[in-house]
């Protein structure tokens, strides 16, 4: 167990190295001179030359990579060239927003997905099974930017129940914060609900046909109790660790959801930075999210490991 | 077991696991509906020139943003093109986006995963770390960066989505290979003297096929959505060529005064993706003997 | 005694009524179409940033609806006899947001900062300014290396914005994070991509004109979402309304719409000499082909279909209503027959070229309409959608045949043509380089007399419009939509929203 942990930790370093190379390469290979778009409408040649010098744009790629990594190891992720703010500050500003969005989304996803999965498993092959199926898949089958715009038009413009955009810190005004976050969280959570539903369903099916449950039924326990108290509890374990693993999907979904709902989180930051060739921002933010994702993955694996003693022995 | 030994002369016919899976699939109604819809859209795409009432690129200044009518069943768009024809032709772009991207991901992912799982050692370590790295970056970010790098077009969007989806297939193949590698029959094949390549292709790879098929079907669904997302950002199929994603992107500006421009492409994406998802789920159930 | 106590009671009564009214803070929530860049006038480079500056930073001069120069921080100006020195008299009693006095020394500091700071985007605008002299605390003199007519217009924009020298020196490069200017509103906070908050500066020199207490600028790039925010009541004001949304807004009595023609233009730039692609393409090689292309376009039709009528057709770098529009070169009407004849004459009945189009929805609509119109004359136009940043680079390298290009416009016509048509200038994407044009362009900026300049521009128009390195198609309308509770909006062609006079009822 200990050696497994050490091995997994040791794997993080080369993985992060590859992440840094990957994201650095992608950014720097984007066509065109970033100084051109950062320089302003008039494209003053003096400004362009100054930016070239400031961003080391005339030096070979490996040298630029070393400049960047050197900075990262010292805790300096560089500055956003567009608004002259340190990337680390931007991350600190936006991280809580996206985390809150992701957390709310997971809660909604669990609510939809687990319910649908249970219904689908318990009422197998009936119309409820298919209905639950479609309901959960609906989120996965609709482009989230599309769903977002539709919901804005319905709930904000037509009904006026919820704000169309914006973000208020929960510490400032919890009610306003939730009002602004509920729609985007729903849009985001919808997509993951399907994955959770599938896993819940298969886990439930497994558990429902197991000896454990058959014993409970034989004991004469109410079907509700069997399902909710015994089966669900056992089925939930793998499902919960999935939450961590879906972090990557959440972030992908957040990209467009934040764009549509104008939530100042990571996703919006990255998209704008790619189009504005604000390299430092994209590189820094992706590095942070990758680190978070890898860590979460590791924790999820460990949790799964601890819960399932049989796996401990089968470690290669 | 005892009855089998007693009636040796009446052994049941061997049905391959694949055939059994297909039978189970046929019994799942959801998956069959999904398959039907997919086939419908595929036919639509193939027979587009015959089925579409108008040229999808034909503009008409007098028929800008007309509501659905007898002449234009789905209405017209912002520069007077027939929406129905564009939806029909758009099926091509969307299906292509789905199928080609996943084919690229399979073409790269499966061999790499096979190599990683079969060869093991430092090659496995290297490939696994690179795969982890790609998976750690949000999928859409990778796709956006790649598409921006390659330039906005449907082909480049497909390449970008395909490359971004490769790591999943690498992992899947590798996991399947690892599972089978230690089985007795593989060891036996080795002992008999089969070459590594033969073993990999003939004995190991078929084991990976079921989960790959399931994942591929689900990935096609995700790829169609990803193409729509890239088009929303201006990186996918470019006008005037029709694709459901870029049609949605244009339509969102006209929701108030021309909602039909958005309804039909949106509905089509939804139906197609839902069908692939249903089909994929059905396949997964069909291949998994435990979920009976 | 009785009078004072009566006056006191009246005063109390008035206060009792006025206090609640005054206490209701007037906050304007403003939806921007993009997130501004650095809020430092020397380093700033986006149009949308200038909207925020209109509230934050006063300038030496401003422009009015007719593009005339009007005083703001400066009260009057005087050119020297040789036109190489501009003496400016400054307004008294003006302070910066940090309390520092605004005087000639501050102006000198600012002009020098604009010219010398590393990364300054204002250097080109103030290039002819050789030195600044403090004549006395209320007078400053700019010495030029050559007469420069557009200077006043530059001083009515970012190059004329004055920041507090004390704050600029203290913060250096980081000044943009907490700008300290002398405008009607002072900076409160900024959360990138979320909001910029400014509040009323109580010691503003023109405080009588300021009725708002706070402005919150919210960047919402998607026009549909921006409009939804206005309709749902979360925003009071939005800029750059989508043209197709206007009809529904017109019938909604809760909102008002204002519009004015921009000082910029939308057009197509043709590679006539930027790279060898110019020679390989019939459009770049032969001016007759370009003339045929222009004749195949129905400008009214393009405006109708692509902009829902929200634009004015044009054929020059300034709008037909602009005083510098050359009346000797009117807008040509569509003439497909003549276009075909020209093509036959040039020996290329079916020329084919690639039209590089940025992926903005306006540009794409224009390109598609142009493609189908030009087809009728025999042109085969291939649309090549290119991401904006990439398209800039390709244009700079001459890696294009034709390019759909928009320019946001400058108050002085020189800003719309010099950098585009003079040899080897940074915005000269077409690659045109003719000594007679350069000569006229230089004359147009060194002649200060308006009548003379108009004549020079007429000569320029005759030359340039015949060669057609750029085909100007139309000038968009700036479109603003706001709650009917807002009054006092002045529509100025530069597209900026001035806060003086704005009131929420």
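Each chain carries a letter (A, B and C) given by its place in the written order, and its residues are counted from 1.
What we mean here is this: a contact is a pair of C-beta atoms (placed from the backbone, for glycine too) under 8 Å apart; a residue touches a chain by one contact, two chains touch by 3 or more.
The shown structure was predicted, so the numbers you read here are calculated from the model rather than taken from an experiment.
Enquirer: Centre of all protein Cα atoms: which chain's centre is nearest to it?
Expert: Looking at where each chain's C-alpha mean falls, the closest to the middle is A.
Enquirer: Among all other chains, pick the one whose mean CA position is farthest from the mean CA position of chain C.
Expert: That would be chain B.
Enquirer: Please compute the C-alpha centroid of chain B, do the same for chain C, then give the distance between them in whole Å.
Expert: Taking the mean C-alpha position of each chain, the two centres sit 47 Å apart.
Enquirer: Report, in whole Å, the distance between the mean C-alpha point of chain A and the mean C-alpha point of chain C.
Expert: Chain centroid spacing, chain A to chain C, equals 40 Å.
Enquirer: Rounded to the nearest whole Å, what is the centre-to-centre distance of chain A and chain B, using the mean of the C-alpha atoms as each centre?
Expert: Comparing mean C-alpha positions, chain B is 22 Å from chain A.
Enquirer: Could you say which residues in chain A touch two or more other chains, in rising order?
Expert: 30-31, 149, 153, 275
Enquirer: Could you pull out the residues of chain B that touch at least 2 other chains?
Expert: If we look for residues of chain B contacting two or more partner chains, we find 148, 151, 252, 255.
Enquirer: Where in chain C do residues touch two or more of the other chains?
Expert: In chain C, 222, 224, 387, 390 touch at least two other chains.
Enquirer: Which chain A residues qualify as touching chain C in the complex?
Expert: Touch residues, chain A against chain C: 30-34, 36-47, 50-51, 54, 80, 82-85, 90, 93, 149, 152-153, 156-157, 160, 163-167, 259-262, 264, 268-269, 272, 275-277.
Enquirer: Quick one: which bits of chain C touch chain A in the complex? Just the residue numbers, please.
Expert: Touching chain A from chain C are residues 35, 37-38, 40, 43-47, 118-121, 123-125, 173-174, 176-177, 191-195, 218-222, 224-225, 228-229, 231-234, 387-390, 392-394, 396, 408, 419, 426-427.
Enquirer: Write out the stretch or stretches of chain B touching chain C in their complex.
Expert: 59, 61, 64, 78-80, 148, 151-153, 234-235, 238-240, 250, 252-258
Enquirer: Name, in rising order, each residue of chain A that touches chain B in their complex.
Expert: So the residues of chain A touching chain B come out as 11, 14-19, 21-23, 26-27, 29-31, 130, 133-134, 137-138, 140-146, 149, 153, 194, 198, 202, 205-206, 248-249, 251-253, 255-256, 270-271, 274-275, 282, 286, 289-291, 293-294.
Enquirer: Sort out for me which residues of chain C touch chain B in the complex.
Expert: 222-224, 242, 244-245, 247-248, 301, 304-306, 359-361, 364-365, 368-369, 371-372, 383, 385-387, 390
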